[in-house]
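In what follows, structures are represented as structure tokens.
In the two complexes that follow, chain A is the common piece, with chain B as its partner first and chain C second.
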Partner chain A sequence: MSHLELTGLSKSFGTTKVLNDVSLSVRNGEFLTLVGASGCGKSTILRVIAGLEPQDSGTVQIGGRGVDHLRPKQRKVAMVFQSYALYPHMSVAENMSMPLVMQRLNLAERLPLIGRLSANCRRVMTEIAAEVDAVAKQLQIEALLTRKPAQLSGGQRQRVALGRSMVRHPDVFLMDEPLSNLDAKLRVHMRAELTDLHRRLGVTFIYVTHDQVEAMTMSDRVALMDEGRIVQLGTPSDLYHNPSDLRVARFIGSPQINIVSGTTTAQGILVGEALLPIAVSSPAGQVVSVGLRPEALSLDPVAGQPNLAARLTRVENLGAELFLHFVLQESGAPLVLRATLQDYERHKARLNSPVALGVECARALVFDAAGHRVDQASRAALRLEVPA
Partner chain B sequence: MTVALKIGRVSASRNAQLRAEAAAGYAFVTPALILIMVLLIAPIVVVLLLSLTDYQLGALEWSWVGLANYSDMLGDRIFLRSLGNTFIYVAIVVPGSVVLGLLVAILVQERTKSKAIYQTIFFLPVTTTLIAMSVVWHFLLNPSLGPITSLTRALGLGEFDVFGDPDLVLVGLAVIGIWQLVGFNMILFLAGLTAIPRDLYDAADIDGADGAWDRFARVTWPMLGPTTLFVVVTTTITAFRVFDTVAVITRGNPQGRSDVLLYTLYKVGFQDFNMGPASAMTIAFLVFVLVIALAQAFLIDRRTHY
Partner chain C sequence: MSRATLRTDRLIGSAVSHAFLLLGAAFILLPFVWMLLTSIRPASEVFTAGFNPIPSRLAAGINYSEALTKSPLLQYMLNGVFVCAGILIIQLLVAIPGGYALAKLSFRAQPVIFGLVLFGLTVPVQVTALPIYIALAKLNLLNTYFAIMLPFFLSVFGIFLFRQFFKSFPQEIIHAARLDGFTELEIIIRIITPSAVPAIAAFAVFSITSHWNDLYWPLIVTTSADHATPPLGMMIFRDQETGSNYGALMAGAAIITAPLILVFLFAQRQFVRGITMTGVK
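Entry: the complex of A and B
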């Protein structure tokens, strides 16, 4: 069942088109990540969903009802901001109570001191305190409830911001780069916690990030955005192994995909003097980009495998695996190869002089000059050959 | 043995270096210290000493009178009246100019294109000379010639002799004081408003605090705490120093109802040439200002910074 439905969203700031006809449907309970470079419009989508920014055209539906005319508080969404946006003058408990106080007390009851005179207000405040306590326990911040945000570390503030969004039991969680202000170690830790939280709560998460690792590791599906459009929407694995566009191939994956340029011929693609037997849908004589993931290259090509002559320039040792940086002999284009430690040790002696790197053509991704994928035909065929 | 000697020599040269550094440090500090002494501390000390004498401006002889000037001052009806008037004036000007300054700042902040124009208009009174503007206000509120009087007369409200009415005179002066301070306070509040992160308003929108009152009470006002404190303190000190309008428009009249601290001080010192009592009043004035400044520095400052 589609839970959040965006149809034809467009938005401009002045003459700058930030969102260009974006449509997206998100399943109930899905963890969907919007990823892209800064300025691609991903945060604007979030703000439009939240109702903080009106769209120029298009509609937003949550749980089957249109919410375009509703104010943010009526949309049953919660948002976690990159800056956390905690109220600095309120304690953690007050910060977390805020949405409930605004929801359950009327204007008179919210007045300081005077409100306390009403029995209803006292009863509701007790209820709220209990609910805040329960959420704080879940997030293990119950010891911090009396502190002010300034007295908290970045990770603790992050939890408080999460807590504030959780107390209302929203239908949709919107997260705007929530981890980007944390240090690297904590970010890895919070990644796991957020995924865990998503599983526990079972509600829809829309997560915005510029970090492709976050997108890959946390999401059910990822929408990669560029220039106000969704370039590709798919599972993390889809985006990595089967990108539809050169921009996707470049954005996803670390280290970045290797791009070498080649020319189409009737027999395949000519890269320098090497012929890669890949069938493409473009006519012969076209210049194309061949994308090779670091694991699609090998140090010891098997007999008959097409290979590229390259010279080693640098070794990055990550312990269990190594990234070997080469340059192509012919064009000087850089190539990165992912190797195991054993592979590297075995071939180390040879690497002082230029070597032939084997290319696994089945994993090559070919893009035309416009960046569109043109080798789908061959991939479809390959899939048939390899039994699951 | 040689090792011990070496250590001794090293530490001796180390000590010499430390002494040289200390000397250099004092040398750098000295000019500033002298300037502070001569320009800030010395005048206060002189006034303090004068307040213990019966010195008359231009007199050749004087003698120490101890604390007599202070005890006279505390029993002096005119001094106490002017002190009371000053407090009333401060009590009107501070809330008036702070609240209006905040209100104007919030209204101006929300303009986009006309923001600069409104800012300039409201700031204009700050840039004018209060002495000159006092003359203008005096004319505007003149009971026989003033346009404001003509207006109230035309509206059937009768005539107001603001500066001649013992009950209205302080209010009239306070209005001028507010008129002059609103623009300045507006600028300070605008700076404070600009510093409030937009995210907080977004969060407030999502949390349901999206009405004008809730946004103000839950975000704007608490976030302006440090600014407000600063504005209140500067406004209080400025209001405490009221002099120009009184000297130009009312000269303490009618019936001494607009006598204020600095104007009385001026009369005692520079019309009656009694420097001793005038110095005692100056010290009293300084004590009040100091108390306000200290209150800011030690008491409230800690509570409004996050």
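Entry: the complex of A and C
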């Protein structure tokens, strides 16, 4: 069993607090993603789990056992780095066999040349070569085993780095932005391969990325981090549809969520001249941010529902769908609307012409000045659980 | 400006810069060329030839054979090889781990130790000569190879150079190695050192030339020809055997300079890479 438990982790570099009382519980076999802007502390968490950097306070438990006093190699974790971190002067096969060599041979047997004299060493080396071959086959890199890292493409290096982490059969895989050095097409491909690998191995993955698409598409759960704290932990659909904080709403989703400012009244929220009938917990007269996902807006205003007066400024055609960019007539705030090609053609909206946009108030997310979610009425109803 | 004038401008510019470089090269190489010319001149012409570069009669055979036979030149060179190799090996054994620790490990005393290394760079060898000499004399170790090598075992310049080189080594690879179970010493031996070949080549060139050519320290701690390194040997040779036979003396000088040139030619590419990569210049 290899569930992972972080309790009250804190870490500072000089005067900057990189981790601020982070607690996190990762289930056995779960794919958990830490996502956030650069500098939010997500990579530091990985290095603390791996034992590469000591925390100032807090504990790390893997499989129910405290590992804080253990050296990195004793923690049964493997890590894949953004730069792949392959040993440049060793062949692919040597790179992949290193973790096993270090694990199974003693210090004397590891000595170059002299070690080879021992029969045990030769036997172990043959075993290791067989295991490396098997992993290489799984990753389809068996043809590359004799090459040096410099002779490999980015995608191939990525696979070798994965292979090196797999040979040891670790309890936990730690991945530090492993796809960010790949080109866009390969990244999409490797995303699928990584989720596939996770399913096959059934081992706990902790995945760090700044790319919300990776977080949304690959993970069982996502922890969004900001300034050394976990802002929200939940399923991808939780974070998208039911963010607890304005930072989460802004970070997750592409195109970004539309934020318009409004004022609370007894009847709802006043945005410009439109009154959106949304119940909020804050008192009347407060300035709030109303978050509207691009699909919560429509070109068809519903009778009796409020609409927003806007002007079309730009059309992005993605083929199957379009992103229509508007500005609000009154405030000039930008809005993006997700529309199907049919909707767009039916409406024949022209650039710079005024349009009334329908608002699906049930999907609106309201945040107070501090960024906390305040529309409690819509909160429970909107939760979409993805079947396990 | 037309393309033609642009091209002439560039031609003139490159001619001027080449002229400067040639001038500099001539300035540095002239004594060397003179040494080679003198080494093939007959004794009678050494002072009378003026600046005529071409000797009237080739005396290379006489001069070189005299240099080789009348003095134990090969013995001196063997001493030089032994001393330089000994110094270099110990220097590397000290400087590579030292540089790694200063570049990649974090420990409380690190800034202080690095400061001391920088301070050590400013201490000339003459300052420590007397105490080391006295210690060696008291231990009865004068006139040994060990005495010639001792002060140079610990090269602060080497530690500094390797520290600069290792600074740019990716931290992630070291992290990966620690996760794979490498000990720190194995990281140095199996990961860091193979990547440091250019730095090692650069350092070796610096170290070998300075200790091959060193006259000051061997002169202090040895008096016998048995342990004399090439420059000291040349001095003994001049005093005892040849007196004023400058042709043979220059032939000897040419012979003892040759290995250095070979070493540099051999390590040139790595040397330049090492220098540019470490930022030591």
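Here is the rule we go by: the second predicted complex is superposed on the first by the 371 of 388 C-alpha atoms of A that agree within 3 Å, B and C clash if a C-alpha of one lies under 4 Å from a C-alpha of the other, contacts with A are read in each partner's own complex, and residues count from 1 in each chain.
Assume a residue touches a chain if its C-beta (ideal position, glycine included) is under 8 Å from a C-beta of that chain, and two chains touch if they have at least 3 such contacts.
A quick note: this is a predicted structure, and the numbers were derived from the prediction, not measured.
Peer 1: Give one word, clash or fit, describing how chain B and chain C relate on chain A after superposing.
Peer 2: clash
Peer 1: Go through the superposed model and pick first if A:G332 touches only chain B, second if only chain C, both, or neither.
Peer 2: Neither partner.
Peer 1: Touch check for A:P54: first (chain B), second (chain C), both, or neither?
Peer 2: In the superposed model, A:P54 contacts neither chain B nor chain C.
Peer 1: Just to be sure I read the superposition right, which of the two partners does A:G319 touch: chain B = first, chain C = second, or both, or neither?
Peer 2: A:G319: touches no partner chain.
Peer 1: Looking at the overlay, what does A:A85 touch: chain B (first), chain C (second), both, or neither?
Peer 2: Both partners, chain B and chain C.
Peer 1: If you stack the two complexes on chain A, which partner ends up touching A:K148: first (chain B), second (chain C), both, or neither?
Peer 2: first
Peer 1: Of the residues on chain A, which ones does chain B touch that chain C also touches?
Peer 2: 47, 50, 52, 71-73, 77-79, 81, 83, 85-89, 98-99, 102-103, 107, 110, 164
Peer 1: Mind pulling up the chain A residues that touch chain C in the complex?
Peer 2: 47, 50, 52, 71-73, 77-79, 81-83, 85-89, 98-99, 102-103, 107, 110, 112, 164
Peer 1: Which of the residues in chain A end up touching chain B in this complex?
Peer 2: It comes out as residues 47, 50-52, 71-73, 77-79, 81, 83, 85-90, 98-99, 102-103, 107, 110, 148-150, 164.
Peer 1: Under the stated contact criterion, what part of chain B meets chain A in this complex?
Peer 2: Within the complex, chain B touches chain A at residues 197, 199-200, 202-203, 205-211, 213-214, 218-219, 222-223, 225, 306.
Peer 1: Taking the complex as given, what residues does chain C use to touch chain A?
Peer 2: 170, 172-173, 175-183, 186, 190-191, 194-195
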